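Order as written gives the chain letters A, B and C; numbering starts at 1 within each chain.
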Amino acid sequence: MAAIELERLERRYGERVALGGVSVRLEEGQTLAVLGSNGAGKTTLLRVLAGLLRPHAGSVRVLGAALPDERWRLPSQVGYLGHEPLLYRELTGRENLRYHADLHGVPHSRLGTVLTALDIDHRADEPVRDLSKGLIQRFAIARAVLHDPALLLLDEPRANLDPSAAELVEPLIGRSSGRTRVLVTHDVNGALEESDVALGLKAGRPAPVDAELYR
Amino acid sequence: MIAAARTILRKDLLIELRTKESVPAMVLFSITVYVLFHFGLDRDSLDGELASGVLWVTLLLAAVIGVSRLFAAESAQGGIDGLLLAPVDRTALFLAKAAALFVFLTAVELLAVPAFGLLLLGPGLGGAFPELLAVLLLGNLGMAAVGALVAALAAETRAHELIVPLLLLPLLVPLLISCAQATEPLFREPAATEDLGRWLLLLTLYDVVFVLLSVAVFDFLLED
Amino acid sequence: MYSKGLAPLAAATVVTLTTAFALVFFYAPNDADQGFVQKIFYVHVPMAIVALGGFVAGGVFAIKHLRSGDSSWDMRSYVAIHQSIILGLGVLVTGAIWAKASWGHWWVWDEPVLVSFLVVFLLYCVYYPLRFSIEDRERQARYSSVFAITAGAFVPLNFVAVRMAESFTHPRVLSQTGGDLPGDMRLTFLVALLGMALLFVTLWKLELTAKHASMQLKKLRNRARVAA
């Protein structure tokens, strides 16, 4: 059973085609890199895979769940890291993580492990709104992996991270984590290095990954 | 599911305790409206139906503020994605938000109702206090259920601050009627409780209908 | 798809309305108290009943839409509600005229049907801004259906509450919406009601057919554009 199976996925935005005729297959443990210029539909695709947007046509199977009917099966198995960190700004990092742990049924003991791995334990008791972007990103990553998901959906995961932080997050969300991953990024070369399958998008439709992609 | 609802409720109460944005604003608003009524009606003291009407209209308008802000924390963090990505039943979400609104309304009334007694109410609150409490609590239940539904309906629309009052207030008319009519004899000197049973019955019917309805339709909201 | 039966329906509407018109002007007696203006009752009350029926129907179609996901139900719901809102405006206007004729004021709070109708009208007016402030078509349809069901459930509750309230402050002295109409008035009223209901259904089918046709046209245009 493939981790992701898309066949002629279509998603409209009003009259405009946000995604059209997208087909891709990803096996477990593999990494899919989604490339394209701004507005090409990369984030839309990620959101469809997360179950946040429902497909308008075509067939979508994520981790065996057929979307949109079985989208309720996804949240416990998917770790989503989007543009927004999805952290409550008035709560501390630790409180945010405790909240997510409770919702996912994860024991609080796991928090310590993840916080230490990302070296943010010492800043976990400050309100999120007081933290720098880099720290917020690390807490967002903590949130995304806390429940040990089988699939990671990552939108520019290394944004705002300095090189040493990027090293810290690698075992959790990188190739070495062993998880199935879908990676959206502008770093074309880096993405191609760490992925097994590459999907180029141009105006919502599949396009070859070459210089034309970013015209 | 109850555990999930409790988790979300706890989060919302914690945020409100930290930011102190909704409840104090609603209390301040209520007192301001009392002052407006004092000047608008040119009265120092009210009793009976006038007192009842002023109190309930004020509470309803304060509720509009509470409902508008019900998903504010989610909007601030970039949307309701967080809620959708959690393995949580939509019903649990509804229960949590309605419970939060219920708590906020009760907290507001703990200050706003005595303030009303102080500023505008002639006969005083002591007259039929348990009955008043019953009406307030049943009223809060209805406002909480309808408010959570309206908040979700308006949550991701463009003209959000406009839609909430326009949608919420007409829907609350039957609740307003029941509560105001029930409270009216309680605010007389001496306090009476005529017809209380009839209005409490209508109020309970309203609450039951809207709680059931909201639970049923909530599944279709907040996604996509 | 929607135009099945449209022609005979339209014919029936014309026949019934003409009959009703004739009955109102030549058969029904002038009211003893209010005179000729009372005849607006034959327009006002059927309009109110049909509008309320339209709102409830909108709610029922909305339930079907949410259960099936079929957007044609949403279309049916939208048109029913949209036409009932317009009819509702007519109810309020004719109600005001009737109030002026009967009680000398352009608005009275005595009639619970009229008063509860005002609240319902205010509520349904929010249908448009709610619907059209959501851009995604599917989401727009879903949220509109939720609204239609909520508002549909609200209508009877509201009527009961308003009626209970009014009966305390304004004992109902004069109401011609009751069942105790003299025979010739009752016949006229029923024919008028039937005519109004047929008119509503005909216009509803007509608008649905027109909308469906323009949607098909748009689809074909899009297909042609993509193929080119």
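To be clear about the criterion, contacts are C-beta pairs under 8 Å (C-beta built on N, C-alpha and C of every residue); 3 or more make two chains touch, one makes a residue touch a chain.
As the structure is a prediction and not an experimental result, all values here were calculated from the model.
In terms of the distance between Cα centroids, subunit B is separated most widely from A.
Distance from each chain's C-alpha mean to the overall C-alpha mean is smallest for B.
This structure's chain pair with the greatest number of C-beta contacts is B-C. Between subunit B and subunit C the centroid-to-centroid distance comes to 31 Å (mean Cα coordinates, whole Å). Look at where the CA atoms of subunit A average out and do the same for subunit B: the two points lie 38 Å apart. Averaged Cα coordinates give subunit A a centre that lies 49 Å from the centre of subunit C. Shown for subunit C are the residues in touch with two or more other chains, namely 136, 138.
In subunit B, the residues that reach two or more other chains under the touch definition are 224. In subunit A, the residues that touch at least two other chains are 54.
Residues 149, 153-154, 156-159, 162-163, 166-167, 170-171, 173-174, 177-178, 181, 198, 202, 205-206, 209-210, 213, 217, 220-221, 224 of subunit B touch subunit C in their complex.
Those residues of subunit A that touch subunit B in the complex are listed here as 50-54, 72, 75-76, 78, 80, 82-91, 95, 99-100, 102-105, 127.
Subunit A meets subunit C in the complex at residues 12-15, 54, 56.
Within the complex formed with subunit A, the residues of subunit B that make contact are 3-4, 7-8, 11, 14-15, 18-19, 73, 76-79, 81-82, 84-88, 223-224. Those residues of subunit C whose C-beta lies close enough to touch subunit B in the complex are 66, 119-120, 122-123, 125-126, 129-130, 133-134, 136, 138-139, 142-143, 145-147, 149-151, 153-154, 157-158, 160-162, 164-165, 168.
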